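Take a look at the structures below.
The two complexes that follow have chain A in common; it is paired with chain B in the first and with chain C in the second.
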Partner chain A sequence: MAALTPGFRSRRRAPGDRLPPGQFLTEGFPVLSAGPTPAVATDRWRFTLTTETGDQHVWTWPQLTALPQADVTTDLHCVTRWSKFDTRWRGVSLDMLLDGVDTEARYAWVESYGGYTTNMPLADLRNGRAWIAHTYDGRPLPAEHGGPARLLVPHLYLWKSAKWVSGIRLRINDQQGFWESLGYHAYGDPWREQRTWGD
Partner chain B sequence: MGMQDGNALAGPLSEVFAVDVTAAQRLCPGCGTDSAVGALHVYRMATAAVARCPVCGEIAFRIARHAGALWLDFGGGGALRIPVG
Partner chain C sequence: MSRWTTARLVSRTKESDTARTLHLDAPGWPGHLAGQHVDLRLTADDGYQAVRSYSLSAPADGDRIAVSVQPAPYGEVSPYLVEDFPEGADIEVRGPLGGWFVWRPDRTEPVLLVAGGSGVAPLVAMLRARLALPEGPAFHLVYSLRGPQERWFGDTLDSLAGRTEIAVDYAYTREAPPGSARPVGRIQQAELLVDGFTPAQAPLCFVCGPTAFVEHCANALVALGHRPDRVRTERFG
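The block that comes next holds the complex of A and B.
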């Protein structure tokens, strides 16, 4: 589903039209990263939500996996122009993690083990559109694909679905992430081909 | 795409520098490793790339070739040492 922003209504798509413009379908699962794969043991894994006032909400691995789990089947769209249909994930909805978190923030700054960052409007993490995913295709998420856990926000280009996620900072003002500060789009809607700055 | 070495960036770097930067040396401010730019570890995403120290992984520089512009970020990535006459 394409996101809506104020003053913009996404074009209606024909049923079954699942490939965004400029994309090619792949059966593989290419691996891209901005650095070496960090080894993150689940016994020291933490996910930290930090509000704009500095309040922190921390989950350990046992705490995360004890929460109600969601099974998600979704299409992925990478800015390098490959798309992959019907990927199967399991994880915890961001709605659940954000429930009860007192915030006036409009933006999310996502941080990963290894130093990667990305940014998006906080609204894009709500309403059943984003998860902390730890299982892919019925198996623990491999490290090369972001395990032990990655953010999954599949309605945006895949660089927004940060591998090895360690936390999210809720911010009043937007701040550009790793690729966004090198000319990639601040929002990254694949249906509007928001690949780079100015698209 | 997996990791490549810094020689993979010879093309885009040649659009910015008048000399062959892949032959320049970089003294890593993170770990002190002295290595050629051509020996840095490079990770790509589409038309962007990040070059890292081959020993400690600290970012040396980032470069992207988008429509109409080349983006180059040396941040705090350490000085390049280019031999001159």
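The block that comes next holds the complex of A and C.
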């Protein structure tokens, strides 16, 4: 048998323990979306948290931006194999939005303007690990990157960080989102390389 | 779906001065839909590995698969695949991957394809899947490219001459062939309004290319009246 990819050599060394397996580092900020970028005006924007019993908690744009804000610097890992280090965001912690919401739910089903959906355990949105982010690198989040606001859950692959987020439904049972129903992993931990079904 | 298997480079064919199509033999390949992609994994002598995703540029053909590669300046993987990876050598593949940006041969509505540069690869896979059918829906490709030297898949696209239900329009952005009526420049919204593929005919639209190109064209299609859920996109970089 011929050698495997003979003559191939690394041209860049990734900084070892910050890069999950199978990822490469990029300086750019690639855009991946399944369809056109929806235009969402902040005067019509709402974020709706719906519990398993149907209770709704709604925030308008002025209400969201009046809440205490968190500044977050984090690494991003996309399932298409690029990672980007030290991205800077500002937004509202999900802990703040979930505070005082009475729920027995174990799962979150995230909905976006434009129809995108994704799912994850509710625990992954708690304890300072998830935000509704509206500012990137000191500027309003551009629409192609999910503006006016996107979910940011950087410890999971980036498709979980739903762009143009419009709400979260708290659920007793898990329900697959858009990519999860098309072959992507239900959880999506970059460090365990959970890219697709069966990983 | 997600196991790594070994494939062998059978041949490399020229798409432009710089781009090449790699024809790989992948024993046990399960087949794929036009528009899907594969991961390729390369391994250096010291064990270092790199993985990249490439769109499949032809429909399934037994164990034979094809990917088309534009070498990125100073890239780690693409220049190796185009220039150095020897015929007869092995590479690891995983796939097929992706279940949204695909065309299934049992679909009956017209299909509008909008390609920017190397984004033409998965769209030509769809066009080829249609050409493999004795009859099927109308297809129209709008292909934006810098100049005639950058045109990929020339043989396939030239074979469409004289057909009416499957056609291609070129939108040259920097240099047009002699005698071209269209001024060079970016695709205009009106150029995406194609007879037989208007919003009233509810075609399935696929847009693939660099991010700014896809943003521009997908927004133009929605502005023309196409339903956003009928516009599927794939963005490079």
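The rule is simple: the second predicted complex is superposed on the first by the 183 of 199 C-alpha atoms of A that agree within 3 Å, B and C clash if a C-alpha of one lies under 4 Å from a C-alpha of the other, contacts with A are read in each partner's own complex, and residues count from 1 in each chain.
Note that in this section contacts are C-beta pairs under 8 Å (C-beta built on N, C-alpha and C of every residue); 3 or more make two chains touch, one makes a residue touch a chain.
Everything quoted here is computed from the prediction, not taken from an experiment.
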Partner chain(s) touched by A:Gln56 [first = chain B, second = chain C, both, neither]: neither
Which superposed partner A:Leu182 touches (first chain B, second chain C, both, neither): both
First (chain B), second (chain C), both or neither touched by A:Trp159: first
Chain B versus chain C as contact partner of A:Phe24, first or second or both or neither: second
First, second, both or neither for A:Trp197, with chain B first and chain C second: both
Of chain C and chain B, partner touching more chain A residues: C
Overlap of the chain B and chain C footprints on chain A, listed as residue numbers: 30-36, 80-81, 179, 182-183, 195-198
Of all residues in chain B, those that touch chain A in their complex: 1-3, 41, 43-46, 48, 50, 52, 57, 59, 62-64, 66-67, 69, 71, 73
Residues of chain A touching chain B in the complex: 30-36, 79-81, 159, 179, 181-184, 195-198
Chain A-facing residues of chain C, complex: 1-2, 6, 8, 39, 42-46, 48-53, 74-76, 80, 84-86, 88-92, 97-101, 211, 214-215, 218-219, 221-222, 228-229, 231-233, 235-237
Of all residues in chain A, those that touch chain C in their complex: 1-12, 22, 24, 28, 30-38, 80-81, 114-115, 144, 178-179, 182-183, 195-199
